[in-house]
Amino acid sequence: MMVIMHETATEAEVAHVVARVEEVGASAHISTGERVTVIGVIGDREQVTQLPLEAMPGVDRVVAILRPYKLVSREFQQRDTVIDVRGAKIGGGHFAIIAGPCSVETAEQVLAAARAVKAAGGKMLRGGAFKPRSSPYAFQGLGEDGLRMLAAARDDTGLPIVTEVMDPRDLDVVCEYADVLQVGARNTQNFLLLAELGKVAKPVLLKRGPATTIEELLMAAEYIVKEGNRDVILCERGIRTFETATRNTFDVSAVPVIKIASHLPVVVDPSHSAGRLDLVLPLSLAGVAAGADGVLVETHPNPEHALCDGPQSLPTAAFGEYAGRVLDLARWAGKTTV
Amino acid sequence: MMVIMHETATEAEVAHVVARVEEVGASAHISTGERVTVIGVIGDREQVTQLPLEAMPGVDRVVAILRPYKLVSREFQQRDTVIDVRGAKIGGGHFAIIAGPCSVETAEQVLAAARAVKAAGGKMLRGGAFKPRSSPYAFQGLGEDGLRMLAAARDDTGLPIVTEVMDPRDLDVVCEYADVLQVGARNTQNFLLLAELGKVAKPVLLKRGPATTIEELLMAAEYIVKEGNRDVILCERGIRTFETATRNTFDVSAVPVIKIASHLPVVVDPSHSAGRLDLVLPLSLAGVAAGADGVLVETHPNPEHALCDGPQSLPTAAFGEYAGRVLDLARWAGKTTV
Amino acid sequence: MMVIMHETATEAEVAHVVARVEEVGASAHISTGERVTVIGVIGDREQVTQLPLEAMPGVDRVVAILRPYKLVSREFQQRDTVIDVRGAKIGGGHFAIIAGPCSVETAEQVLAAARAVKAAGGKMLRGGAFKPRSSPYAFQGLGEDGLRMLAAARDDTGLPIVTEVMDPRDLDVVCEYADVLQVGARNTQNFLLLAELGKVAKPVLLKRGPATTIEELLMAAEYIVKEGNRDVILCERGIRTFETATRNTFDVSAVPVIKIASHLPVVVDPSHSAGRLDLVLPLSLAGVAAGADGVLVETHPNPEHALCDGPQSLPTAAFGEYAGRVLDLARWAGKTTV
Amino acid sequence: MMVIMHETATEAEVAHVVARVEEVGASAHISTGERVTVIGVIGDREQVTQLPLEAMPGVDRVVAILRPYKLVSREFQQRDTVIDVRGAKIGGGHFAIIAGPCSVETAEQVLAAARAVKAAGGKMLRGGAFKPRSSPYAFQGLGEDGLRMLAAARDDTGLPIVTEVMDPRDLDVVCEYADVLQVGARNTQNFLLLAELGKVAKPVLLKRGPATTIEELLMAAEYIVKEGNRDVILCERGIRTFETATRNTFDVSAVPVIKIASHLPVVVDPSHSAGRLDLVLPLSLAGVAAGADGVLVETHPNPEHALCDGPQSLPTAAFGEYAGRVLDLARWAGKTTV
């Protein structure tokens, strides 16, 4: 950590910062430039972080030297994390299509979607039983009934299930059915939920929130890993910007940025990023070309009758062609797709 | 709702949209321009909302005519909502300073802050016992012990307590002590929590999330009001933008925009908006001048030793001068400050 | 255009809007819902646009039905525009790598870069002679001397030259040397410059500004095309967002969005989007996979000694490998690369 | 400047950076932490800035210690700059309302607006003769005829004229008539134009662009001041964000941030920030409360017939009441308003 003092800072102010730094057991190195003094702080991260250095008189700003996360960093673990979900692998060269309807509506709908996903080479089935909705007047999901329908589709196809958990109180029931626990974009920084998920023996798919920086996403993953659960898949699904042609702005750079900074697998969600059916394929391909370990995508037997996100869902009838392109590009990029 | 068809849409596609609209009991009015056909849809909001019109062939886009919220709108209730918290009023011309430390640390610290707030003309005491922190390595709050310290400060000063609830599981214990339940910026769209708060007989202070639009904030308030709790205070605390001179960008326009669209009281949080002590006063004044019903601000007896947000906390020693300016401007703006 | 009236609008206010609309020769269709009246306006775009409908009493908002651009739209011209620059084609299935140094520094430097670009399969040479710089203390370019060095490199390699023009007063001298005139991201909405470029018989490469929407970019292109110059290449180079891991956020969605809305060729600039060398290849591949017609990329014989943008420039020694990957993916995507 | 090396950087890489730093005459101080080495660079700003340190092997990132601007900084000049425009003062405690129509349309219109501005206590008249418009199909301004109409209104009222210059080629003719030269939000970083304005003996009103950071705005002002023209007024007029309730997001924090960092006067433009008439007064008041030295606002005798920005223009009939509130608050804030 470096403390940059104001041009007008006095010697007493510099001495005061040094004293406070040493008080917590860290050491301070003063470097005096022509106009500005900089104090390098070396010591235990957790102690130093708690010092409100910016509140001290004469301090202009504080610059962090080290990343604020540790366990999820590439420095901590060089090799890629590979996650095995009932035999379906993701990360470290293994690529996965994770697909299904936005929300579970009927047993038939889920089954039709699951079979289409399986036939097209998808590795996991996604579907929402507990749905967060911006409007209190919108469909809120089937709850445990939906989970049972997902389990039935898993029995039929062998595809492991990815489903969202929104509330720590639902964790037990969701864990009973799910293979991968999804954290939605509105809960990326729901730290209580993250901490609970860190104690569970199931992989977590953590979505980036629309206003979450990549660094904050990695810190959210650190919350989970710190509690003992090392199987976290990160997901880029678009950030909020001024552009209105797409629902969110798909930040494809997040894929290589995360792959460089972390050993965790990264997938992209082109359906929620754009909110437009006609962009699902090009954005999926962009994500794969940028290095993603998988795509999370919505497909529905009859999008026009979907209770949720119909406009951006691929019809299952077109899913085979979509998946064919995506998997072909993944292989071009050197990934294993089976 | 208006459905705008593509320039290339066929008559059959137009007829199909009309048929689907009528299927749910709504009516459709076709208006054919030189190049484009527009279908006006009139009917029950909830039914029409669930139709995935944008997924239908030939549809270019759908434009909402009505606001997506109802109970919180100015159309639904013309007069301002006034909220009375143990005699402290806010809204409808009543102005309130709500102040205290970011997090409760010791009984002495809270008491010192509370007395300074009281002496300066503040109406409520704020303080965090359950703290959401971006980093799992940061101080996470004292929990129920913190709530007890807040209650002791209330006993001493008579100031009602505003404190955050993060988890539905903590709701009972927080309600035992708190007078106003705060929803933090990371939970603005935690719909399960909002629905629970809608069933509680205590006012809620709902913060805008850093990527939440004003419309979404009003829809989040609707979640609470829909369940029966009509006492919601909205809070602007900065949004995420590209500007880095401030931690967030304080969207002062949100104050008049909300006052025009809704009857609910609005406060501003200059401490979290900017993350800079030297901006707390000017941004408070900006908020008041724009029409805010109050300010939510951090003050600490010794910011340099604060465990949380020290850099942006007003020292209690300076609080009287700060509050004097703010209250004077509130009176200039026509507000009652006692 | 649709005029949505306030819920409280009077009949007289509706009649007034209709009268003003008819005054300019357009026609108005009233559609009265349960709570709100909507007035559809049909007529000549240019006349209607000039009516300040939103300033009229009782009007809530105005929704545009038609796109604000015409000549650059896919509706106006179905087939892709193919641009031929001294035999180097781009658009309509033709893919081009356009590469070279950020700024022209010496004849040797440009020549070395040009030869590397040529050897690797690049189609055009880029290089800046007139440089816009955020800081008045930074290197501002060599001006006409730089143009001469570019021309010498063209003579040697046969690669056409792409170079920026910043000022209408420089247009003549730049046209003397350049084959494609580049408009930088700070001039995307410099309408005077655009109008001048519309009168020139050379293709224009128009960069998207960091706060320009896709629709505004297309309207900027319309400024050029309207004056007679139909050869415009659009370029995505990152937008301003809250994310700080990259210099800008590369909006890869812009590629398919533009390809759907317009017939003009689109290229991506991964160098300026990210400002990081380690992201140049993955973002180039993302752009190509999303459908781009080319990449605009910086390469320098010795980035460490570059006077501009060294940190994001590919060393020419590594350019062959980079270009090999990019061209291979372009072919996978069905493009012609020669 | 601080160069932060990668955790994996070798001693040779550190030595190489040091060698390059010393090559340009600066000095390097190595500070070695447990995991990371930091190199402090002290020396001439301009030389060091040109070193592409981030391109050197082993370098993680470079942190600037000093601000990139100098002449406009508060460190360079402690006292506020006061600008005197034909006797109308702004800055250093002097407050000014600058008002008039978005674009000059007729002699009568300008004169009516000027008289209303004068009567209400405004100090300067604004009006556009050269108009930048997003659409090539919109009204582009009257040019020199418009300037003549402004001059006539000045003759009548004594109000100095503020008008935009878009093109260096128009500078002579605009200077013939104008008292203050306005740089529009699309030209904030048009460095050629800025440099020309630096050589003119008239004050410049420099608007912040919608994607310009405060630091970049100050650097743009530095371009002007560096050439000799020290009379620059900065203007906040809204930035691009995800919020759609307002046309731009009025960044009121920019006012105190600039006042702390610089000695130049700052005004706010509530008309363009929000694009909504009902927000003009509250945002004006917010700006004044935050410390602005003036407001730049649109008023039109008949907004409904305006050729430009009618929806956000105050009718001149209501201007007196508006200006009364604004000037009263300016006096509350300690400003001189005459």
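As written, the chain order gives the labels A, B, C and D, with residue 1 at the start of each chain.
We take it that a residue touches a chain if its C-beta (ideal position, glycine included) is under 8 Å from a C-beta of that chain, and two chains touch if they have at least 3 such contacts.
Only a predicted model underlies this, so the values are computations on that prediction, with no experimental measurement involved.
*Asks:* Identify the chain pair with more contacting C-beta pairs: C-D or B-C.
*Replies:* Result: the pair with more contacts is C-D.
*Asks:* Among the chains, which has its CA centre at the largest distance from chain B's?
*Replies:* C
*Asks:* Could you please state the distance in Å, as a whole number, between where the Cα atoms of chain B are centred and where those of chain C are centred?
*Replies:* Between these chains, centre-to-centre, one finds 39 Å.
*Asks:* Give, as an integer number of Å, the spacing between the C-alpha centres of chain C and chain A.
*Replies:* The mean C-alpha positions of chain A and chain C differ by 31 Å.
*Asks:* Per the centroid of Cα atoms for each chain, what is the distance between chain C and chain D, given in Å?
*Replies:* Chain centroid spacing, chain C to chain D, equals 26 Å.
*Asks:* Would you pick out the residues of chain B that each touch at least 2 other chains?
*Replies:* 211, 239-242, 244
*Asks:* Which residues of chain B touch chain C once you look at their complex with the stated criterion?
*Replies:* Contacts found on chain B: 2, 4, 7, 29, 31, 33-36, 38, 40, 42, 63, 65-66, 75, 240-242, 244.
*Asks:* Mind listing the chain C positions that touch chain A in their complex?
*Replies:* Its residues touching chain A are 211, 213-215, 239, 241-246, 249-257, 260, 273-274, 278-279, 282-283, 285-291, 328-329, 332-333.
*Asks:* Please output the residues of chain D touching chain C within their complex, sorted ascending.
*Replies:* 20, 45-46, 49-50, 52-56, 68, 132-139, 166-169, 186-187, 189-192, 195, 209-211, 216, 219, 222-223, 226, 239-240, 277, 303-307, 309-313
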